Structures are given as C-alpha cells and as structure tokens.
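My questions will all concern the structure given below.
To keep things simple, chains are lettered A, B, C, D, E and F as they appear, and every chain counts its residues starting from 1.
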C-alpha cells in the first residue's frame, strides 16, 4: 500500500524515528492538557505539540518525501511556520479571555490588571 | 523486515496521535471552563493535522498535505473566534 | 473500515435526528449540521472505501477504478457540502430573526404551555 | 521601488511561500509568484499595518539560533515536567516584567517566540505601563525566564530600530 | 440553424439565471428598472417555453436534438442531460406564465417590501425550470435546492414575525427532507452506478434481489422527500401556514412548487417503476393512493375550517396535491391525461386566487384595523415606505374583484362550465372508463372512495368559498373600496382568462394531455431517446 | 338555429352588463327583447319537432372525453323552451315595473338572462354532461339571483342554502350521469335513451338511480330536501315567479321526465320517487296552509305541486307521464301569475304578511280577480287548467301500478293533499282580499301600473282558455311533447273537460268541499297568527340543515383540522422521520434484508480511535446543545474535524479541504449568531422533569436510534457489496484526455457535471441574498439589544479609570494578536491563489479558494472590527457575486460559438515566453466564476451578520447608513 519500502534503510530509520518522537511529544503535550491542574498550566501543554511535535513530524515528512522524490523541497516548512505564527494568537486571546473571566468571577486567584487597580466588582 | 518495521512504527505513531486527540477530547468534555474546551479543540485541530502529516508519510502521497496546511494556517480562526466570544460576547464588533 | 464508518454515520445520524426533534432552535441547527455530516459521509461511502487511491491521475494518464476510488460520490459530496453550508447559514439567520421577533428560541415561536 | 514593493520583506516572504507551495523554481512559477505577491502587497497597503525597519540581519540569524535552542531545551524540560506532574505537582505562577519595546511587530515576534517556547505563556501587555504579564509553568525557573526575556528584549531592540 | 435552435432547451434555465446575476448589484432604489428587466426576462422565457411546447406538441421528432440537451457535450448516462418532452414543456410554460403574472403584480407594491425580490423570482424560475428539465437525479437535487432556496427567500420577503415563523418551519422541514433526498440518490448510485433517470429505468429490471431491495429503499426515501414538497398528509402541515404567510406574488409562484414534487413522482413512477421494472413495477403505489386520499380529506377539512382566505388557498393546494397523488396511486392509465389537465387548471386557479386574496382583503372595512395589525405583524413597509403609486380606484373595482372571486370559487369547487369542472370530469371519466371495456372489472372500493373524496372536496370548496365570498362581498357593503392598481388586477384576470381559455379550448388541451400521457406510458421510448442522443460536433 | 337560441340570452346577459345602472327602462326593454326573440325562435321551431321530429346541433368541445356541445330539441324540450322563454318575457315585463329605480338593474337583468340561458341549456342539452354543466349553471345563477339583495341577511342565507343544496345534488347527479356514460359507452342523449334496458339491468343501476334522483329531488325541492325553496323567497319577486314556475325547480322534474324512458318502471324507482313525491305532496300542502307570508304560502304550494308531478312520474305508467307533463305546464302558468300577484300586493302595500293584509279587493279589484282565478286553478277548480291535470292525477292515483302499500295509499293521500290545496288557496284569497279594510299598511294600496298587471292577465287568460278548451289549445303541443318522451308507448288520452261522473271527479269534489270546510274550521287557529304548522314548526328543515352544516363544515372541520394536523414543528419532524424510517424499512423488510457477515478486515486502530472520538463528539453535542451552547459548538467542531480526517484518510483530499474550510466558516457563523439568542434555559434537576417530557425524550431517542441504526445497516450493506459498473470509469478514462485535468473530482465539478456546480453556486447566491435581505429587516429582541455583558464590564472599567480611554480594554486585548492577524491577510490570499490554480490537477479549486479568501477577510473583521476594515477596504460582495455567476454562465455560453452545447469545455495549452506551457481550459474560467461568487456570498453572509452588532444598539439612530454599508 505504500512506497515507503523504496526508502533506503537510513532514511527509513530516520523518518520512523522522527515521526515516533514527534508523535510522542504530541502525546506528551496532550497528556499535559489532560493532567495539569489549572487552566493557565494547561495553556502551556499545546505548545509542546506546536513546537516539538510539529517540527519533528514535519521533519520526518520532509525527509521522507525528499528522499522518495529526490527533490530537496520542504513545503512542510510552511506548516511549521504557520503553526508557530498562529498558535500564539489563539493562546494569547484565550489566556486574556480567561484572565478577564477570572478577574470578573474570582478576582483573588489571578493578578490584577497591570496598571490601575481593578475594581473587585466591576458592575 | 524493514517494511514491517516501518509500517508498525508509523502505525504506532498514528495511534499515539489518535490518543493525543482523545486526550484533547477529554479536556473538551471535562472543561471545567469554556476556555478549557476551546483549548482542547485547538489542540484537537493540531493533533489532527499531525495525524494527516503522518498519514501522508504512511501512504507516501503528498496530496493530503493541503489539508494539513490549511489546518496550520486557518485552523486557529475558529479558536480565536471562540476566544473573542468569551472575552467580548461577540466576535466582530 | 466499513464497519467503523457505518457506525460513525449511524451515531451522527442518531444524534442529528434526536436534536432535530428538540424544541430549541439552537438544538435544531446543531442537529442539522450533524445530520449533514452523516449524509455527506453516507454519500461518500456509496463509492466504497479505498485508502490511498485518490482520484488524481498521473499527467497524461488514464485512470481506472482498480487504482482510483470512485470520484463521482466525491463530486456529489462537494456539492452537498456547499449547499449544506448555505442552508446552515440561512437557517441560522432565520432562527435569529425568529428570536428577534418572538423573543423566544422555541421552534414554534412561543414557549410551550404547561411545560 | 517603494511604490512597486511597499513591503519588500512581505513580498519576499510571499514569493517564498508561493515557491514552496508550488514546489518549483521554474521561471513561470517565479513570475506568477512575483505578480501575486506584488498584488497582495498592494492590497496590504490599504490595511496599513505597522511598518518596521529591520537592521542587522546577521544579528537576526544568531538570535534565531538562540531561540531554536531555547525552544528545544524547554520542550524537553516541560515534557519531563508533565510526565512527572502526577508525583510532583508543578509549581506555576504569573510573572510581570517590564518590557520596553514599542514596535508592534517586534512585540508580535516576541509573543510568538514566548508562546512557541513551552513553559511560558504570553498573557497581557500594557502598552502604556510597558509591562508584560506572562505565565510560567515552573516557578523555580522564574529568574531564568526573566533573564531570557531581557536577552530577547535587547536583541529585538537591536533588530527593530 | 437547427444547431442554434437546440440551445432553446437551456434558455429557460440560463436566461433567468444570468438576469438574476445581473440584477444583483443594481441599486435597490432602481426597483422599477429591476422589475422591468425581470419582466422582460420572464417574458422571454415564456415565449421560449411556448415555442418549446409548440415543438413538443408536434412530437419529439420535431424537437431539436430529439429534445435532449447534453450539457458539456457529454452523453447520457455520463453527463447531465436536459430532456424536453410534452410534460416538461407543459410545466415550463405553466411556470413561466405564473412567474410573469406574479412579477407584474409585484411591481405595484410588493417588490418594495424587501430587497432583491426580482433576483429571487428569476432564480426561483431558473430552479423550477431546471427541475422540470433535468434528466439526472443529482442535478435534480441541485435544482430542487435552488428552487427551495429561492422559495425561502421569497417566503421571507418582507420579513415580519408571521413570515419568519412560517419560514422557520418551512426551512427546517425542507432541510430534513433534502437530507432524505441526498440519501436516496446516493443509495441509488451506490447500487446501480448511475444517476441518469432514463439509464436507471433500463437497469432496474436486471438487478439482483439485494440491489433491488436497496434501490427500492433509496426510492422510498426519495419519495418521502418529494411528498414533503407535494404536501402529502401527514407531511404537509407546514404548507398552509407558509403559503398564507408569503407575500401574494410569492404565494402565487409557490402554487407550482408542490407540483414539482408531484411531477417528479409521476416521472419516476412511470419511467423507473413502470411495467418494465420487473419485480419493482408499481413500487409505492398503494402509499401514494392512501396518502393522496388522506391529503384530499385533510385538505378539504382544512378548506372548511379556514377563516382566512390565505389558509383556505393553502389548503386548496393540499386538495389539489392529494387529488393528483391519489390519481397516480390508483394506477389507471386512462386517468393520466385528466390528471395532467387538472394539474394545470388547479395551479392556475390557485395562483390567481393567491394574487386576488390580498386585493380583496385590502378593502374589507371591518378588517381594516386588523389588516393594520397584520401589516405590523408582517413588518411590511416599515422601512422602505416609498412613494406609493397612485392607487386608481377604478370604477366597479368591487365588481371586478367579485367577478374574479366568483370565477376562482367556481374553478376551485370544480363547478361547470370552467376548467375545474372539466378536469374533474376528465379524471372521473378516466376512472369509470378504465374497466368499461372489460365488464368483469368492477369499480373497486378505492375507486369509489376516490370519487367520493373528489366530490366532497369540491363541495367543501364550494361551501367555504361561498361562506367567505358572502362575508366579503355581500355582507360588508360598507367596506371601503380597495385601491387597486391596474397592474395588480391584470395578472389575476390573465390567469383566470387562461383558465377560461383552457375551458373553451379543452378539446385541443385534452389532446395535448392525452399525447403527454401516452409519452409517459411509453418509458422505453423515452429511455432510448435519452441514451442514444448523438453528441454535437466531433469531440 | 339552436345555437343562436342558446347564445342569445348569454350574449344579451353580457351586453346588459354594460348598460348604465340608472337606465331601468332601456335595460328592461333590451332584456325583454332578447327574451321575446328567444320565444319567437322557439315558436318558429315548432314545425321541426312535431310528430317525433328532433332538431340537432353539434359542435366539438372535448371530443376526447365524449363531451360536445350537442344541442337537441324534441317535443318535450320544445315545450319547456317555450314555457321558459314565454314566462321569461312576462317576468321581464313585470320586473320592469317591480324593480325600484335605485336598484342596479343591469346586474339583475344580466343574471336573469344568464339564468334563462342556463335553463334553456338544461332542456336543450343533447349530452348528459352538457346537461350537468347547464344544471350547475342554473344553480349558480339562481344563487346570484336569490342573493340579489345581498344587503339583506335573509337573501344571503337563502341564496347560500339554495346553492349548497342544489349544488350538492348536482354533483351527485354528475356521478350518476358519468356512470350512465360508463354503462352506455356514450353521454349522448340519443344513445342513452336507446339503452334503457342495458341501464336498468346493469348492476350499477341502483347507484345510478340514487345518485341521479338525489340531484333531481334536491333541485325540485322534494321532501326531505324541500327546505331551501321557501328561503329562496328572499329573492325579488320576479325571480321567485320565474324560479318557481317555469324554471329551476322544474329542472328536477324535467330530468325525471327526460330519463323516464330509461330509468322508470322498476320497483326501486317507484319506491324512491313515489315516496318522495307523496310525502312532498302532502307535507307541502299542509305546510302551505300555515304560512303567514304570501310568498311562503306559494312556495310551499310549489313544493306540493312538484310532489304531485313527481308522484305522477314515479308511477311508471305512460298515462301518468302525460299527466305529469301537462301539470308542469299548468303549474307554471298559475304559479307565475300568483307570484306576480303577490309581488304586486307587496309592491303596493309594503308587506306580504297575511296577518296585516285584508280587504284589498276594494283597492285593487282587477288584481284581486286575477289572483282569485289563478288560485282557483291552483286549487283545482273546474274549468281551469289546474283542474284538468289534477283530474288526470286522481285518475292515475287510483290505478294499481304495483301491488304494494305505497300504491294503495296514493289515492287517499292525493285526496287529502287536494283538500289542503283548496284550503291554502282559499286562505290566500280570503285573508288578503276580503275582510275588514287594512289597518296600518306601510303604503296606501292601489292598482299597479297597467303594464305591470299585463303579464298576470295574460297568464290567467291562459289558465282559463286551457281549462275550458284544452284540446284546441294545449292539446297538440302536449301531444308533441309526450310523443317525444314516450315514443311508441304513447297512450291514448283525452283532454276533455267532462269525463262523466267518475271516481276522480268525486275525489275532486271531496277535496273541494273538504278544503273549504277545513279552511273555516281552522280560521280561529290561523287567526292566532302563529307562523308555521303545528308540531312540524319545531322541526324546521332549514334550521336542522344549517345546524348540520355548521357542525360538519365548521365545528367538526375545525376540530378535525386541529386533530389531524398540527402547526407545531416538532410533531411534523417526528412524523417526517418516522415515515422516512418506515418507508426505508418497508422494502428491506419485504425483500428480506440480511445482515452481511461481519468481516473485520483492515481495521486500523488509529481510525477506530478517531471515530470513537467522532462518535463521542456527536453524542456529546446532542446531549449538550440545550444547556451549553458553546460546548455543543466545540463538540460539533470535533465531529466535523473527524469527518474531515476521514475524507482525507479514504482518498478524498478535495473533500477534506472543503469540509475543513466550511467547518471553520460555519463555526464562526454560528458564533456570530449566538449573541442574538436568548440565554439558554437552566438545566433542571433530574427529578424536576415531568414524566411527559421524559416520555417524549425517550420516544425521540428511540426514533433517532432507529434512524441511526438504519443508516448504519444500509451503509454497511452497500459498502461491503462489490461495486457494480458505474459511470465513474468513463470519467476516470477521459478526465485527462478530454477534460484536461488530472484531478478527476475537479474535472467532474467543472466539466462533466459542471451544471451541478452552476446550480450549486446559484444556491449560494440565493442564500446570501436572502440572508442579506432578511438581516436588513432584522429586529433584535430588546433583551439582546444591549451590548454584551463582557463589553459593558470592560467599558465600565475603562470609564472608571481616569488614565484609560474608552475602548482601551479591547484595544489592549487585540493589540499584539491583531498585528499578527493583519499579516495573515496576504498569506491567506496566497493560499487562495494556490488552491485555485491547482484545482484542475490537484485538490483545490474555485470553491476552496473562495472560502479561504473569505476567511482572510473574516480575520481582518475579527481583529479590526467592522468600521476599521470598512474604512480601509472597499468590499463589494454583491458585485463579486454577480460577476461570478455571470462569468460562470458566460463561460458556458462561450461554447455555443464553437457549435457545442452549453458548458462544453475547451482545453488547450498555450506556450508563453518565460512561463512556458499554460493550460487554458475554459473550465478554469468557469472556476474563476465559482471563486468570485463563493467569495462574495460568504463575505456577504458573514458581514451582514456582523453588521447587526454595529447597527443594533443604534438601530433607531442610523438605520440607513448601516444598510448602505452592508450593501457595499
């Protein structure tokens, strides 16, 4: 079902290794999401996936196709770049939204707004 | 032999990625905050994207790359829409 | 593969239908979306399932069903997705308008008596 | 030149993206890429994004390498933290630091870097007070993070000036 | 020359589509311009469909390209083909005629009630024409959706709580039905490997039992989807509410919407599940019969129970649907021509009635303040109150309205001598004649039930129209005379005149219907025509 | 000739409509002239119909259905035609004076002439269906005539009841006639009249008989369908005079006589017709005695006399038939004159109430005399025409026709009815013209105008002449009529005044003396002034009928409508799903569905896990959609993502791409909408949920499981079945060589089945327009008009701090993210361009590109807000849409130039300098149209929805501006 057997052994090992490592990092990231106790802690978990996991898996893919098609082209780079650029947006917005909600609901748990002191009960 | 090893390791990688997706789903279901669910969904998207890349390696076919690329570039749009909704109660002001 | 996918289609259908029968407009729109996933997958399945046989030919090549999956259901699903998207948008706006006029999100435009 | 290519860096990046996507460096592809990236840059002109003037591209490369190394290190660190978290709960917390960067693009880049680095999460930046609130997973490393941030700040100020 | 004539087949779809597209960016302030363009477009379509009907009447051989138009020059069953025969030509003509009337009517005031009215009418026209013309099941779905989407737009035209509530139900039910449509079509593709109706007809007899079972399942689901559109009891409760809530010109065009469902059922029933279908012949007939009869009964009850004319008209649509469905379900070939005649006559009548209702109700004094409330409820004219064209209170307005109303009543009740009567007479004659040649074949209980229902539904219409007519025209003499613009009453008059024409020219009309019925009863010829049509040019 | 005869009244009717309404005289003269012409024509046609002659005329109408305009005049129809036209002339003349100047007479005379024409049509029809046509026309016209004074509630009621009753009868008769047509094989009267035996021996005879009799008896106001007739009195008197004498009610007996040769003579006929006739004869006469209204009395007398005619026809003997025909004529003459007399009395005194009238002889002696003669004819006094036919009736009544009770009682009933007739006739005369002078009449009575009386004079003269010299006057005409019905069965009969002392004469004597006696016996009772007969007064047919009608057609109909239908959505969808499941299950069940053996082959654990997630998402979304909307939306996204991965996994990269993009837009769309929905209801405690709701949920759950299970079974069944030869091979073989692309899916979309795509983008266009139009009229509910809570809190925070400006919170929130999001715009554009250009060869295409680009716009809206974006970018979604649809259509039309059908694709490669080979498939142009439309439509939908936030809080301030903004 696949032409992966056409890979030379070194490449095959490298591809498999990178892929497994990437998958493992991703899994660890998700475990973090599963295990970490607070939202702000969990906010860190996906970054393992987006940095470690994505880079490793994409490297595996690049290597694989580069060897298979004998062309040194890495369009997976785009995935890495895009993920790196877009994830912060999500996380920043989510983190701030969470912060706002916490300040509104349980102000004692989170730091007040840097700058002027926030009212405990804004409404 | 190599063939078998390759297949097994890719399969293992895919199962790990699927498990990662399952954990993300757990976070979606468990919450407890809305932001946790959104974070879970975002992670689910990224895991799914990696799953696709892995699938591309497994089938040695590059046509699945576009989907992964689009997740990478545009997958965050729904997440930030959620985030903005949580923050402001509406997403376009 | 077939078993898993059919079970998935069944679950999506059942969830969608259940929501379709519920009284809140939001439930109905989520139900319609789920149902449209199920239907799209069903149409897709009618071309039989194949792994790694996308209907993309080698340049200059002539395809056949032995090496490629059936492209027709895929084309149908694409059309169905687009139409489904359009209809979701329309339905959404209709339920918003209904809410605006009636004040309730009940599908009948008024809260049920005695419930 | 400015009228044709209002954002040279953007145009270049877009062209590069185009070439990567098309997986080809044939003259035709390049030509189409140049046309497209030029058009898109013109459209971008209407959105009036903040402009930045980049200096010292050499410095940028070394900065990049540093960042990659940092990311790799924290990946491992955080992975370990997660895996042991059941036995030994993480000690996380908020950190507020002064951040004296004005350039929006530099700030955006910093945000990307910090977010891409596991263990830190950019939360809130106050433009007026020039303070950044971020969250770190391992409070034991708080000082290390402060130093890293200061280093990044300095580098970015070098580059965006 | 013939080459160019061939393209006539696609014009009924293409002209309104392109015109609609062109109308979209024109500013809404230029409503008259938009309306005029739309009118010209519909007129062109009407003329084209008239030509097509004339050609079809002369026989399929005289049609360009044998009446088959291969889109993209791909032959059936691979590509999508448009198939013109007497039946589709008839319905095309009817559709564009109705659209023309509705369009003229709307230009007096209703097109100001919201945006993009004329585009939506054009798109509805394109969708309807496509549904009547296409020979491909999935393409039928697409045109169905086009038609439905446009009908959603037209139903919601003018907005307001009543329309929106009705629209919500209408959309929800039709979306569910569309899912069934998709499931049915894909199931049929999955088992037979084809989407072309004519091709399907040839394949059905040779299917394995398993495949047959699955195809029948698909067909059953398709049937439900069409029956929802046709308003069969108990799937059509949405219809009276929705039709009554729509603006008059929209409702008038909607008169043909239910007929699309019936058209497809008729087509598939005779083409695919005809005698040549082997073990599947006559599939679902008893369901149609029972459902159709229940629909007549329910429609008649609703007609009696209606206080408002809009609902009455909506229920009349149901009666009309039920009559046709049950006629198909009875399976007497002799009734087919009568059924087609009935279809045309009842559609024209109901459309005219929908247009008339608003004119009549405008003048009702007692209802004036109620109307004001409904105006509020409908949200009419709350924003776009433009300079109203001077409503000329033509002398004898009430007389003209009364005359039109009486004609509608006579037509709807099936009283002589108008086409409503002729239609019912033709149906019943077909029913009684079916076994006259063979004395052993008695009139069955189902036949008697059908006859009774037809008669009773006519009676119900008579009683209800009588009641409402007396209340409106006789009891409230003090009511203000409604301000009716000539271009509002003209479409009504023209539609009714069409019924009169149909009554006096019933002979030629029946000949056409009979020829149509003969076509439909020869599905093998149809299939062969579709599948063996030559491709244009050397490709 | 016959056509002119028939067309004249209808044509005249149309012309009369155009007379000005104040020209009473001219209108009447014109109408009278028409009627006179008709009468003269009829008279002139007499030579053609003597001695069994028949005049025929045939014009094709619907030969396919055996329905032609066959007109046929024989002696009988000639007699009727003459009667109709002659009395028509007289009534017009009478009406000229009767109608007051204010009445809009053109309408009256138009209806009158049309009615006359319809009645002529009934008698002249040579085709049964044509007869039915005219029959119903008489019902409709009489309805309009009775309701002529529609401002009067009685007139409206009377008209309605008349129409309902006779209309019902007509419908029933139609079925009967259709059945005759089935038996005979033709509707032509000649053929039918020749097939008497076939009809009587057919198993369908009884249904035919019942159906036709129902029609005839209702029309002739026979018991128990008689009650509409008295109420028809609300009509202007000329109308009553016409309807009750020569027309309308006579149509029923006309039909009985017309079909007498083919239907009569059987036991069933005898019983049904006889029983109806006898009871009508007796009851009508009895009721007539007790009426207080002059016209009411005459109406019941009409009913009674029609009963008499019916009895005669029921007997089945030719002699009786002769008597029937004779009495039809006689009754017409005296009844018309009596009605006119009653009208004059009404006209001159202002009332028809016998309690108020008396002693009028003094004021109008001539009218009184005329009325007396006419009533004498009605009572059957010798030397008047009524006496003759009544004698014939008595003679037939004592004959034995069939041995049964009915036949035995006939003579007694006949005598008693005769007695009653004398009584009411006497009452009519005595109470109106004799006695003390009238006290408080609305008007002072005097003789009517000369010409108003003329018709009565003429008719009374006819009564006398016929009564004295029957053989010389009516004899030959009656003979002509009778021969045409009976043919060679025509019996010998004599029309002499004196037949010697025989039983009928004794019966007449008994009736006369008994009647007079009865009148004087009852005077005291009648003087009490109670309206209606004792006992029966309480049993008023009309009221019962009204009750039944209201109950059936209103109360029951309404409750049935509610029971059998619903206006709620949930039951409708429940039914839909239930029927769909049943419909799909039926073939499976009937054809023996067998589950294919479960073959677990190639199960991929990752795929299985993927779907475990998908299923969990779906079920979770179903569970949460009511109480946690956001949660459900997240889960919906999860299910969509799994669907997307599945498409990619199973060799459908195009689907994966499209599904993903649509998924994103849909999520954003629903989030945009969430703001306008009310707060979700609070989740109740489980024990608080009533049983009814639990039951409903369980029921819905079971149905949903059935639907889902069914889909699973069918899907599995088909997917495990080997594929049959599909059309797909054709596409795979030709996609590159003839379609010019390697991505077969895209080639199908833009070439093989490009027409689908054209339709699909049209759908998108329609929806966008609808959404846009609907949102322009969007009125947010007051609850959601305010800005959301979060924003209020944040705005308050900004306001409360002196060092912050309004809007700082959001600005800070988006500060860095928006910098990144802005740079994403050109990147998205590049992606769209890429997706678009590779579509024909690799996954992508116009649709995907369009959606991707619209997401680019969406991002800018999210980061900068509506105003910010629209100050910088001028987006014209409507133009994009229009352009897209036009380009796609124009590309299709382009192929006409090459002599090919619409949408034929032309692909070739052009070699350009530097760029090299470029594919120039017209399909790409088509795809460009798709791109443009999708971009425009998606952006329009999203922006229109987003604009509500801008517009809502200030909806009243500046609605126009935001509309304009949205329109751009």
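In this section, contacts are C-beta pairs under 8 Å (C-beta built on N, C-alpha and C of every residue); 3 or more make two chains touch, one makes a residue touch a chain.
Predicted model only: the values in this text are computed from it and were never measured.
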| item | value |
| --- | --- |
| Each chain counted as touching subunit D and subunit F at once | A |
| Central chain (distance from its CA mean to the mean of all protein CA atoms) | E |
| Pair of chains joined by more contacts [C-beta pairs], B-C or C-E | C-E |
| Approximate Å spacing (C-alpha centroids) for the pair subunit B, subunit D | 22 |
| Euclidean distance of C-alpha centroids - subunit B vs subunit F, Å | 60 |
| Approximate Å spacing (C-alpha centroids) for the pair subunit C, subunit F | 40 |
| Sequence positions of subunit D contacting 2 or more other chains | 17, 21, 111-112, 122, 124, 126, 128 |
| Multi-chain contact sites of subunit B, meaning residues that touch two or more partners | 14, 17, 19, 21, 38, 40, 59, 63, 69, 73, 75, 80, 82, 84, 86-87 |
| Subunit A: positions in contact with at least two other chains | 1-2, 29, 31, 43, 45, 50, 75, 78, 82, 85-89, 92-93, 96, 100, 115 |
| Residue ranges of subunit D in contact with subunit A within the complex | 17, 20-21, 23, 71-72, 75, 78-79, 82-83, 85-86, 89-90, 92, 94, 96, 111-112, 114-124, 126, 128-129, 131, 133, 135, 137 |
| Touch list for subunit F against partner subunit C, complex | 567-570, 573-574, 577, 598, 600-604, 607-608, 611, 614-615, 618-619, 621-622, 625-626, 629, 632-633, 636, 639-640, 642-643, 646-647, 649-655, 658-659, 662, 665-666, 669-670, 673, 676-678, 680-681, 690, 692-693, 700-701, 703-705, 707-709, 711-713, 715-716, 718-720, 723, 726-729, 731-733, 735-737, 742-745, 748-749, 752-753, 756-757, 760-761, 763-764, 766-768, 770-771, 774-775, 777-781, 783-784, 841-843, 847, 934, 937, 941, 945 |
| Subunit C - residues contacting subunit E, complex | 20, 25, 28, 32, 35-36, 39, 42-43, 45-47, 72-73, 76, 79-80, 83, 86-87, 90-91, 94-95, 97-98, 101-102, 107-109 |
| Touching residues on subunit D, where the partner in the complex is subunit F | 10, 14, 17-18, 21-22, 26-28, 31-32, 36-37, 40-41, 43-44, 46-50, 104-105, 107-108, 111-112, 122, 124-128 |
| Subunit E - residues contacting subunit C, complex | 138, 142, 145, 149, 152, 156, 159-161, 164-165, 167-169, 171-172, 175-176, 178-179, 182-183, 185-187, 189-190, 195, 379 |
